[in-house]
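Sending over a structure as structure tokens; questions will come in a sec.
Labels run A, B, C and D following the written order; every chain starts at residue 1.
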Amino acid sequence: MEVGLVGLGNMGSGIAKSLLRAGHRVTAYNRTRSHLDALVSDGVKPAATPADACHGDAVLTMVADDSAVEAVVFGSSGVLSALPKGGLHVSLGTISVSLSDRLAAAHSNAGQQFVAAPVFGRPDAAEAAKLAVVAAGPSAAIERCRPLFEAMGPKLLVVGEKPSLANVVKLTGNFLIASVLESLSEAIAFARKSGVDPTVLLDFLTSTLFNAPVYKTYGGLIVEGKYEPAGFAVPLGLKDVRLVLQAAEAQSVPMPLASVIRDRFITAIARGNQHSDWSVLGRIAAEDAGLPAAKTDGA
Amino acid sequence: MEVGLVGLGNMGSGIAKSLLRAGHRVTAYNRTRSHLDALVSDGVKPAATPADACHGDAVLTMVADDSAVEAVVFGSSGVLSALPKGGLHVSLGTISVSLSDRLAAAHSNAGQQFVAAPVFGRPDAAEAAKLAVVAAGPSAAIERCRPLFEAMGPKLLVVGEKPSLANVVKLTGNFLIASVLESLSEAIAFARKSGVDPTVLLDFLTSTLFNAPVYKTYGGLIVEGKYEPAGFAVPLGLKDVRLVLQAAEAQSVPMPLASVIRDRFITAIARGNQHSDWSVLGRIAAEDAGLPAAKTDGA
Amino acid sequence: MEVGLVGLGNMGSGIAKSLLRAGHRVTAYNRTRSHLDALVSDGVKPAATPADACHGDAVLTMVADDSAVEAVVFGSSGVLSALPKGGLHVSLGTISVSLSDRLAAAHSNAGQQFVAAPVFGRPDAAEAAKLAVVAAGPSAAIERCRPLFEAMGPKLLVVGEKPSLANVVKLTGNFLIASVLESLSEAIAFARKSGVDPTVLLDFLTSTLFNAPVYKTYGGLIVEGKYEPAGFAVPLGLKDVRLVLQAAEAQSVPMPLASVIRDRFITAIARGNQHSDWSVLGRIAAEDAGLPAAKTDGA
Amino acid sequence: MEVGLVGLGNMGSGIAKSLLRAGHRVTAYNRTRSHLDALVSDGVKPAATPADACHGDAVLTMVADDSAVEAVVFGSSGVLSALPKGGLHVSLGTISVSLSDRLAAAHSNAGQQFVAAPVFGRPDAAEAAKLAVVAAGPSAAIERCRPLFEAMGPKLLVVGEKPSLANVVKLTGNFLIASVLESLSEAIAFARKSGVDPTVLLDFLTSTLFNAPVYKTYGGLIVEGKYEPAGFAVPLGLKDVRLVLQAAEAQSVPMPLASVIRDRFITAIARGNQHSDWSVLGRIAAEDAGLPAAKTDGA
């Protein structure tokens, strides 16, 4: 297929490579030109504006947050004005439910189609075509995208016809991961201060009830106190929990556990961990227990 | 081996059968005589008091809570007074860290040995010899128990020489399970009220990042709203979270997430769910979101 | 003075009367025309648009929330375009810190002046000229407003030159009131279920350590379970706590207690109390304790 | 009256002086003899054991916590065994609801009478006869005590016939004070980081809605960051919140705000503030916001 791609951060660059490898043609735009240049040798055609990426079968956006999406979609030389009638915009990023609803309405008003298709997976999974894609939107539009999703990873969930349902699923997933981070952080602080070797504890738990990747990966980071470099930085984690809380508030759903986690991320930033991985909640729990940050620091 | 067993509730009865099946001889005491009678045909020899179960190689206790342990150990005709010098008491139940420390001291003062060996698993796992055992205590005493642990399940973790370390691990595990219950409850309430089919959501999550038994089992109960009959009733869940918080407070470790969960269990009881499974946190989250208790109720 | 006033809800109408009584001349605009007509006999001159209220010495805005302020200030026929160079806009409502900052910048760019002057007090205090005013903005502009503030109430606090500082103070005050609501709600539920007469408890507390109006007024409402009609409805309380949390997050200040209160307001709405007074947190606490809503209901 | 007094800490010593000044005769016991000797010149007659203080019209206990009460009441040479039939024990300390119930039962079984009469006020108020007394117990016993209560302060609340009701009121009051501490701590951290002078803020709030002693006193300590020496140390605050939560759990009353406060006190201890006043929650909130501990430190 012939696609446009707006946004070539770590995730967008990986997706571009996977799309090319699957035989799709990619015209891409990125605000920072150097990221784009790095991909030209892989076969990406450069676009000077988001609008320039809006021809072919679909335009994909993978940018940092709501305001970045607003800029590339609603701005001058943006996707909304450039996309032809019947054109298709696929939003791959983690955006708010309310923005997703606004995008659906705006594209519909312009006679265009909109699919929300946020992804689960880190940059290496994006490049290795191992993402899990959660998509929602009009069935016909989803079908048009299917070859693109297949190029991005083996796992596709179609949630329904209303695009923002996919954003709900993505935010729910990230909330659950953040819950694992906080619960492991508290558990490990408690175990350490009680004299239990946290490595032994984690090995046991993740070989029995909790043998899921999320416990193994993040549990290991917390036990080691290895929060830098960030795979997914604290402000991004805070953003996602905030989006969950906003969307839940709009539906009148209280989420007390999400509220606790939000406060912990804010504390992490206030205490100087804004460049750390979101698993740095482990450091916050350790500090609040009067422990050194990790067992290798002497506890 | 020749062992005594005090406590024949659902867990104790299952363990008795597994021990017998592995060739051990079991003399057992239970406060409610009928539970004991039911096991006589399986080969259990009845004891009239805890003291009467205190001969052979070790006496195991598997009773409901701290006060039950205090009664069978420190009471008249209790384990402490009946056990000979060098005798071995193995506590299998989920008890407080502080009681475990008191037991260790009392047995030590009496020239006896004490091992804490709480187990992970439900009654069916106890009967099927599929428990995971977490043990701590003097190495020699642990070694003496090894054939018993092997009869109870394939998985054994030895945490250290101080018995209460095993209780810390058990409580930590139960806290992590309770965290999964609350996070799933909030996530599913949010998804349902946003229009996402929770069955689809759960299938997706448990086939990717959260493919661990604890998410599948409890997620299913919450999605179905199937909280009765209880596998593990709310008051037991509350008790374990309380024990975690007490032990953590004794070490000056704040656990804000555990505090939230404690309040939710109390709310569950206050609203009439004391006989429900601890996954009934799903009903509390649904009610607080103004939802019917489960999707099958019409949401 | 000659002033414009945009917004004639309960608060705005009361303020209009106080201004007139002090001898000021008031030209007012309200979206719903009937509220305006009701004040014409008091001497208010009607304006057809916000712009029509923008002559004289200052224009005051007292509308429901951020989006209402945005509409009357930034919209066509709005305050920003109508106010002359050197003109003064005084925002009396409870708005977000970030909107206050945006207003300050926009008016400054237009060569106009901006003062934020949110008020403490209920509608009856507005009409009786008993409001407490918290003002911030350029000193000269504050001085120009002083006769207006004096007409509104006897208490004036000037916080500084940056307008949004006044909004911080207002939000802080409302957070503290909401904290009183939740703490009294929990305390009274605990006391009632323990068998203490809550009326006796409240009389004692408010005659000793807690002899402040906020405890007497709201404590009485909670003890009586008298949540309707609303003096200040739940969604307004939720809005203010949300604004506190947003402003605090922007400064990286965690506020765990505010987070708890936010969840309780959301729960109140989800359970059908959206038209009740924000003290209805007392009903939520009672329900969560398995109590009837108030002692007069039989507890 | 002729009374015994067990416990001569800061509070007990002040009460002894007030009783003597009102013309009562006091025989006192204290574990640390030096505190007792210091009062002999005031007219206190020394007792060698709690039992030795158990003659006359009543014996009052004012010791640190539940376990100290258990020691002086249930121990050998304790109050329970020494008090004659018809004798009266008045517990003035802040003890648990469950211990109060146990004391009532034990004294009743021994044909003795029991009154719980915890007090509000700091040591200086005890010495100045300005305590507020909350009493519960059999009416006749309360009447016998009335001259003693009048010697302790001008304010007496009689809650009912069941002694532990008085303990519920005392714990409720302390929970409300702790709520003020945490809410002020968060409010002041937010205001400071937003650029508002906290002294100005506090002056304004305590001259309007919050003009109660508890806001003025503790607000001042938090604004000044003056947490040492402790008027009421963190571990005592934590103890009281713990007792509230235990008593509330026994009644199935969730108290989410109390749970947050408990975690904050634990954090305060873990971070080294165990000797500070319980208003040190202000330091915790400041640190979690990345602020220096008080405005005088440069913020």
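To be clear about the criterion, contacts are C-beta pairs under 8 Å (C-beta built on N, C-alpha and C of every residue); 3 or more make two chains touch, one makes a residue touch a chain.
Just so you know, these numbers come straight off a predicted model, no measurement behind them.
Distances between chain centres, each the mean of the C-alpha atoms, put D farthest from subunit A.
Looking at A-D and A-B side by side, the one with more C-beta contacts is A-B.
Chain centres here are Cα means. That of subunit A falls 37 Å from that of subunit B. Centres computed as Cα averages put subunit A at a distance of 51 Å from subunit D.
The multi-chain contact residues of subunit A, meaning those touching 2 or more other chains, are 248, 252-256, 260, 263-264, 267, 270, 288-290. Listed in rising order, the residues of subunit C touching subunit B in the complex are 256, 267, 270-272, 287-290. Those residues of subunit C that touch subunit D in the complex are listed here as 97, 120, 132, 134, 155, 157, 159-160, 162, 164-165, 168-169, 172-173, 175-177, 179-180, 182-184, 186-187, 189-191, 193-197, 200-201, 204-205, 207-215, 244, 247-248, 251-258, 260, 263-264, 288-290. Those residues of subunit C that touch subunit A in the complex are listed here as 238, 242, 248-249, 252-256, 259-260, 262-264, 266-267, 269-270.
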